[in-house]
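Structures incoming, each one as structure tokens.
In what comes next, chain A is part of two complexes: it sits with chain B in the first one and with chain C in the second one.
Coming up: the complex of A and B.
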């Protein structure tokens, strides 16, 4: 019962942050827009009969190539859930930080962080529940009936993979932001790494161990043949588990730090 | 005006985050330069460094963002405006001081990355050559993209917002759009990349790319200046 109230409080705090709504809304809109743009390119290629100019004709690929945009949204959701607690108020209002009020109201620190983690996952799930069906439907509508048909089960599985990747990325962001007590570091590291040119990609040129880094480990959750360097990546189940282990491990370390040190 | 620039430089000098970012960027330059150079195909210093710039620009962007965003965490901006009520000279002073830090960081970063790449290549027994103009182009690009970030932060007034916008623009939107459309060459980072990438048949030269990037800076600075002059701080 107590935990349910903490969770409720964390959900309300997260939902009333402007950054949460802007990040989720922008990610959804940008994903759908890019899906529509990619699908338009495929449609034009089909119409002109020049299929060699596009890497795929499937609406699923057209929609899911916008995945990195959603990843950015997920990173922001994970970061602001905790970094907003550490933002300093106006000196006119005493220059305090919200985390003091939070911990006065809910002294169980592990429970607070756990509630934040669940909140972040719920928000990402909500974002994915809007963004993915909307982009898939848009791409399908634009490409039309010539598109190769794919069984609904496969599409659902891939969409679930994308949603899982986003959720785990958001949890990584939450963990790093909790450790750093600021949003700058996780924003820099995770947005750079969710991009097409990531540090991990650079490292993978030097050592195959780089494929066990969280972002590369999980990439097969959403990426198929048309993505760069997907060939050497871990398979979806192993990769998902490795990425999940990273997220869980970081959250445990962050929880330990959050519980032990001064807020 | 000199006192405005000096005051802004003193403020920047006092920020631990600025020093951490600058130091981190230079260190990242050395590591990335060495790492990219140890790739078997690498032979030319400017080519090696060209591959590291997309990462290193994160550092100068963060510097540009921090230079302005720190005024708005807490209400330092109120104190600043009491001391210097004329807003346009203030903004110019801030941009000049910010550019000073960003350019110094960019120079040291390119030097560190180039030195590391050169050392790795030389140890492998190659006689690496460096195209000095392209290295200068990298310094210019890293400085100017930091200036874009500074101007964007004047408009957005928030560290998280402008950091996310700038990073998403150069790291996510730009590569995604580049695979989809040739019009992506008008984006600030794609246009600016002509300053340091080798000349390609059919693409813009460094003059045109630099001009487009300068155009972005003018637009961002004008939007930031209008907002800064017109609204409550």
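Coming up: the complex of A and C.
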């Protein structure tokens, strides 16, 4: 009962925060645009008869190659859910932080963080439910009738894998930003890690243990074995479980810190 | 009733509060008075469960704030202005506070009208003046029709009309049996509102009691304040 109220409040907060809507909307638009661009490349190869210039002809691959953009969106959703609590109002307006109002309204801190985690997962699920079908439909439309047929079940499973990877990434971001009590540093590090270059990936050149780090562990939730960089990655189920354990562990640590320290 | 009992707080080697003890009674306006940095906000933050005391207790109707079943109905609080995220609108801010407190949605519009922010309900908090932020913070405190109000520097940034308005509002609240605890570093404003005074300086309560007792022996409250806090003007 009390938790339902806190969850309701957290959902309301998230949906009335412009940053949430901008992050989700931009990720969806960018994912669809990249899927269209990739599909355009496939279409051009098919038209010119030079299929050797592309790694795939499948619309599913064209759509899912945009996955890192959704990962960035998930990172922002996870970070903003907590960093918005610590954003300082201008001194003109009293210089306060929302976290004081949040914890005065709901003193149960573990419940507050739990409600934030559920909110973040729901937001990511909504983002995936729009971005993935739209990307897939766009890619299929552009590649056209030459597209290889793929069973619906396989496609659905891979889309679910992508959504799960995004959700776990968002929870990791939530945990890290809770510990950091701010948004800037976690955003810079996590966005660079998921878009420019993955530190875990660099580390995997030194030791195979790097495949157990959170972002690489879950790689095969969306990446095919044929993707060169994930040759030795954990299989989807093991990897998903390892990544899930990281997210859960980090949230427990973050929850402990959030409950103990002065707001 | 709010009871603060031998509250102490240390940050490392620095002592923020030592042995702070006082009550705020129902039906009375209690002003927590002291220069900036004296420990007023720290005390109120501990009372509201935001910070932990090193020792001592701060209770609302005999229980710690964190153990209250319906905090929004027991205590309406305002700390550091509105507590609203700057990119949210006034109404959306109050809507989530109401949701968290299990308070009916209609109260949001009622308190917006009550504090004079009805016209600004769709404006983002980042466009608010300090006075409007204070009004929004007060609106959030009033949402649950609580038995007690705990307000940190509520008159800060209000114009003279706003000060008159809040004075009347708090007087009415106490006269209806509510407990009002407000902090301030502005003696003039407090003298007009308060029934009881708690004067704090350097983390210690230097005097507490009814207004007339605390200022006894001084020409006015301002002299009493500087006399008791051993201070020159900040």
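Keep this in mind: the second predicted complex is superposed on the first by the 259 of 263 C-alpha atoms of A that agree within 3 Å, B and C clash if a C-alpha of one lies under 4 Å from a C-alpha of the other, contacts with A are read in each partner's own complex, and residues count from 1 in each chain.
In the analysis below, a residue touches a chain if its C-beta (ideal position, glycine included) is under 8 Å from a C-beta of that chain, and two chains touch if they have at least 3 such contacts.
Keep in mind that what you see is a predicted model, and the values were worked out from it rather than measured.
J.: Touch check for A:184: first (chain B), second (chain C), both, or neither?
T.: first
J.: Tell me the contact category for A:103 with respect to chain B and chain C: first, second, both or neither.
T.: It touches chain C, and chain B stays clear.
J.: A:69 in the overlay: touching chain B, chain C, both, or neither? Say first, second, both or neither.
T.: First partner only.
J.: Name the contact category of A:87: first (chain B only), second (chain C only), both, or neither.
T.: Both partners, chain B and chain C.
J.: With the two complexes superposed on chain A, say which partner A:202 touches: chain B (first), chain C (second), both, or neither.
T.: first
J.: With both complexes overlaid on chain A, does A:244 touch chain B (first), chain C (second), both or neither?
T.: In the superposed model, A:244 contacts neither chain B nor chain C.
J.: Could you say whether A:17 touches chain B, chain C, both of them, or neither, answering first, second, both or neither?
T.: In the superposed model, A:17 contacts chain C only, not chain B.
J.: Which chain A residues are contacted by chain C in one complex and by chain B in the other?
T.: On chain A, the residues that contact chain B in one structure and chain C in the other are 19, 87, 90, 92, 95.
J.: For the complex, which residues does chain C have touching chain A?
T.: Interface residues on the chain C side: 45, 48-52, 65-66, 68, 71-72, 75, 77, 79-89, 92, 95-97, 99-102, 125-126, 128-130, 133-134, 137, 140, 156-157.
J.: Name, in rising order, each residue of chain A that touches chain B in their complex.
T.: 19, 22-23, 30, 34, 37-38, 41, 65-66, 68-69, 72, 76, 79-80, 83, 87-88, 90-92, 95, 183-184, 187-188, 191-192, 194-197, 199, 202-203, 205-206
J.: Where on chain B does chain A make contact in their complex?
T.: It comes out as residues 17, 32, 35-36, 38-39, 54-55, 58, 62, 73-75, 159-161, 163-164, 167-168, 171-173, 175-176, 180-181.
J.: Using the touch definition from the top, list the residues of chain A that touch chain C in their complex.
T.: 2, 5-6, 8-10, 12-13, 16-19, 84, 87, 89-90, 92-98, 100-108, 262-263
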